[in-house]
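Taking it in order: structure first as structure tokens, then the write-up.
By written order: A, B, C, D and E. Residues from 1 in each chain.
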């Protein structure tokens, strides 16, 4: 699935950054869903939860914002804006 | 005979004059052709680069030199770039000479004013060289040459040498000078004020960008020089150099056979009109 | 010139006689809804019983009730397509171990016999002769073809609204430049041609036909026919002081007016029987050791035509390109070659897709409303 | 990347990282315990909206516009569109004009099939990345293929004006028909092409074919007298026998989330169109010569191995050469290049056999001669599901292969169907997901 | 171009019908010779082999219609020493650019039942509107002889010899009869770029401008002529909105007629 691949990509990024920051717990994730990304926040949450099982982002709160501008260069992408970690 | 077909010629010498200008010394590969070749100052050849095309280039060498033919070429586009890629010993195609020459006979006994701009100095070389060889047949010679920037100046050594010859004046000018520049600064047309000449006795030979010539002609006329004493070398697109292709027309003139050197008197009614 | 007469059926003997002499016979024939010039085998391939109607920007074939063979005006093709073809290889060059070997293309040695050449078109050939053969260097390719051509002219029996040869004094009567001339006469049941010889070659060919001396009545009929045709022509181009007219009006506002209408499509120059301009193209293959130079028809309406480095096209506006065309045709041509570049065939009027009519443009320059 | 200090032990990390899928066509395989769960062929060819912008166009523009859907089989699109329009106006093109249409289609079959056989499929069998590199070892063979392809192109150029997006096809016939003499020029090349086609068949017969057979539902046109090109009923080996007008009652296009290409199903099930379907359903319509050629290599109807489609394609090239020769030899010039059309409001349907299978067009024309609605179902979308199914089954036995080999193998299998997005088959990106 | 090794050729595809790149494979007689002069490093229609850049010559087919395209073309530009656009899609947005005049969302729903899955930009645009282009070869489809000329010119380090005058010039050079004058068939030849060899007039139909605008098209004057021949404003809007609808000159004139019509 399209989504599965995207989610994989995202989670990998999150894991690698949190590792860099010596953290093993991600508490909150902020993403922006492009207008043409074909994903609603619910949709996103569902898929994300699937891939996050067993990772440091397992219990993270997801804040997904749906963008409206279809002319944005990133209109088709999913933008990981920021996330919060708990320092160990 | 197929006058449109070039003869092979060899590059004997290739000299870089400045960043984008080279002088090629050429000789026909066929002895026979070289021996019979004669030209007059101001005439041009068609130079052919293999597989790319053919362009008109004026001869700059001394017409008395029957051994070699020199051409100074500015690299601007397709064919000239292809020519620039050639090396000594490489072959190109050559046919000519074509076109009219500077009025050197008519100028005998007169003062001569050579006014050139940019690469326009190249086509006038033949004329200057000729006058130098027959110095006594001519009156005063004034060479006025302007360039945009000092780096555009070619043949500097020659200019300085000529300046030392009696009854000969050389004025060089750059639109924008830098610290190395020891000559005048400003438009070449202003140099006209620097020379003293008898407007009734002088013959003007002019070559350079057309805008420059338009202004220079006006100045000359203001100074009292007659329209029929002003000669210009002109450029138009050219494919055949024989008057068959039609490209080089300027009003009734074919620049390839009636020109490139034309008396101003002949074109004065159209010279200032746009897009003729 | 003595006049002879031959029967319609004898025309094929003429074809045979020409073929026997090694000529390729070329003449008018029907193609693509027009009468064009092409290779023909017999008189049956001529546009039998066909005529035409022409106006600015329009050409239509029309059937006639008789079997006339030449009762139409000039079509879209000029004879230059044979004598000064649209594509001509000029030479070939080979590169071997750094050496260049140039090999000239031989002029086409084909011997054409043109059937049915009109007076204006003969005049056009004479104009091109001046362009290509009057200077110190002769056009190598044109010269041979032209000298080998046999011309069977025909007097016009039908003019269209775009014809103005009378203004240019080139027609409709054949005066010179032909080897044989024909006048087609159809009366009652009789279909004959009056025939005159214009050259030695023509006389020789005549000897192979069965002919009669033309009767005075026939000669008179022929004369009348041509006069009638003359009278049909009502288009007029005033050529008095034409050079001054142009040289004084380079900046006339009317040029802007034409530019609004002109497509700069170049049709007028392509169909014009005197326009001669060409460009060249170097054609090579992937081997890299062989190249050819080709000459192709070009037109002063193209931007590249006047391109020079640094300035770009010298004539970038359509206005200046139309001005070049017309000024060259009617004025500077006279300075260059001693005659007008226009023979009044009307092709550029008919075949201009938007029907621009040079005679009207000239009138407008003169300040006359037509 | 910026880091922010948070009061607590929690920190926010600013990332701005854009997640995305790479590649243009991807084969997605989902495994669970080394068993295949799902196979998806995703095509990211951006949509071009032809059906949408056909609306409001004049009916006469359809052949020119639809040709631009595919540069590899433009004639097919032109044929389906003109036949659909003629169907709408209740006219039928017959005689010489009908023959010429078959002839130009022969040209496209020869051209497209040879391209596929020599430039795409054979290199798979022989282990080359492409024909150009194959030519290093087998120059004569590749030249034969190029020669064959050229003959196909010659036919299209002569009848259509040029090989890609021909300009001469028109509702009601042609703009201009060739003279008999002009057409005869093709004879010598066609004779040679027939030889080359036969050689192709025997050459391809020697390839190693994977042992892979499936039970497919084959769907193709069927005509009472001829091997099908432009007309016939739609039949299948499982008893389907419908008129073209009924197409949409039986076939439905489905959009799937993961791909821009639509899937078409027959009563909810995948089916197989293209050379193999035509061959299996119309074998007896081949001329005796073609039938004999097929027999000589043991190629018989009932074929179930899609890898052998290359043989069927070769056979169809032979058939197209035969048919073209027949048409050229018997050609009598038509009195007019086009029949009279009086456009009227209505609906028109047509199916023709594109080189790669059934191509369906439907149009609604309004009283101003404008297209109100257009529907186009290309062969590739019809085979889409079958391709996935094939891959599913193939992969079951091939998972041991290393990734690169696996990808090659999959590409090869996709190419059995000569999908119109033929380049898509060269950029398969394998995406294996293990659970 | 390096002297030591054969220059690398890459062929790229964006939204298009593949026809223009197929032209290269249609060079049946020259293909193998070309492959000796150029290493085919990336050409998905022809080869599964993909050799990494940079590329000496890139041929780009197709128009930019998605955000991914936008990024991809930038990368291609960075990887290419000489970039040539081939075909109407790449030089003017192609037939897909018809969407530029309408609402894409509405378009998607005409084709797809669930349009929200479809990722697409609102417009279809030429390559040159996004990156620097070294040469544009017009035509829908391009002429394969011209394509060979472009490749040859590249190998010989010169500008390709591709005249930009009207189709009429080619039509007359080939000795064809003007269909507009001889039968009143409306023809776009006078405003259309040469290159096709005037095939349409040769087959007795009017040019439909698949080669895009010529160097100085007077679309107004030709429109008036079409109107005399019976074309309505609506027809004219359509006529200029086909395969090069978003080419500047055609775009302007179709909008002009559209406004006038209202």
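As a working rule, contacts are C-beta pairs under 8 Å (C-beta built on N, C-alpha and C of every residue); 3 or more make two chains touch, one makes a residue touch a chain.
As the structure is a prediction and not an experimental result, all values here were calculated from the model.
Of all chains in the assembly, those touching chain B and also chain D are E. Least step count on the touch graph, chain A to chain D: 1. The chains other than chain E, kept in their positions, cluster through touching into A, D | B, C. Central chain assignment: E. Criterion: smallest distance from chain C-alpha mean to the mean of all protein C-alpha atoms.
The greatest number of inter-chain C-beta pairs in contact is found between D-E. Of all chains, the one whose mean C-alpha position sits at the greatest distance from that of chain A is C. A straight line joining the Cα centres of chain A and chain E is 41 Å long.
Here the CA centre of chain C is 51 Å from the CA centre of chain D. Mean C-alpha positions place chain C and chain E at a centre distance of 37 Å.
Taken residue by residue, chain A touches two or more other chains at 38, 74, 76-77, whereas all remaining positions touch fewer. Listed for chain B are residues 51-53, 77, each touching two or more other chains.
Contact with two or more other chains is made by residues 20, 257 of chain D.
Residues of chain A touching chain D in their complex: 1-2, 4-10, 13, 17-18, 21, 23, 27-28, 38, 74, 76-87. Residues 90-91, 93, 95, 98-102, 104-105, 131-132, 135, 137, 139-140, 247, 250-251, 276-280, 282, 284, 288, 291, 293, 295, 298, 300, 304-311, 314-317, 319-320, 323-324, 327-328, 331-332, 335-336 of chain C are the ones touching chain B in the complex.
On chain B, the positions that touch chain E within their shared complex are 51-53, 77-79, 81-82, 85.
Residue ranges on chain C touching chain E, taken from their complex, read 31-34, 36, 57-60, 76-77, 81, 86-87, 260-267, 270-271, 281-282, 284-288, 296-297, 299, 301-304, 316, 318, 350-351, 353-354. Chain D meets chain E in the complex at residues 20, 44-53, 55-58, 61, 64-65, 68-72, 74, 115, 119, 129-133, 135, 139, 142-143, 146-147, 149-150, 153, 161-165, 167-168, 170, 174-176, 254-255, 257, 260, 262, 337, 408, 411, 422-423, 426-427.
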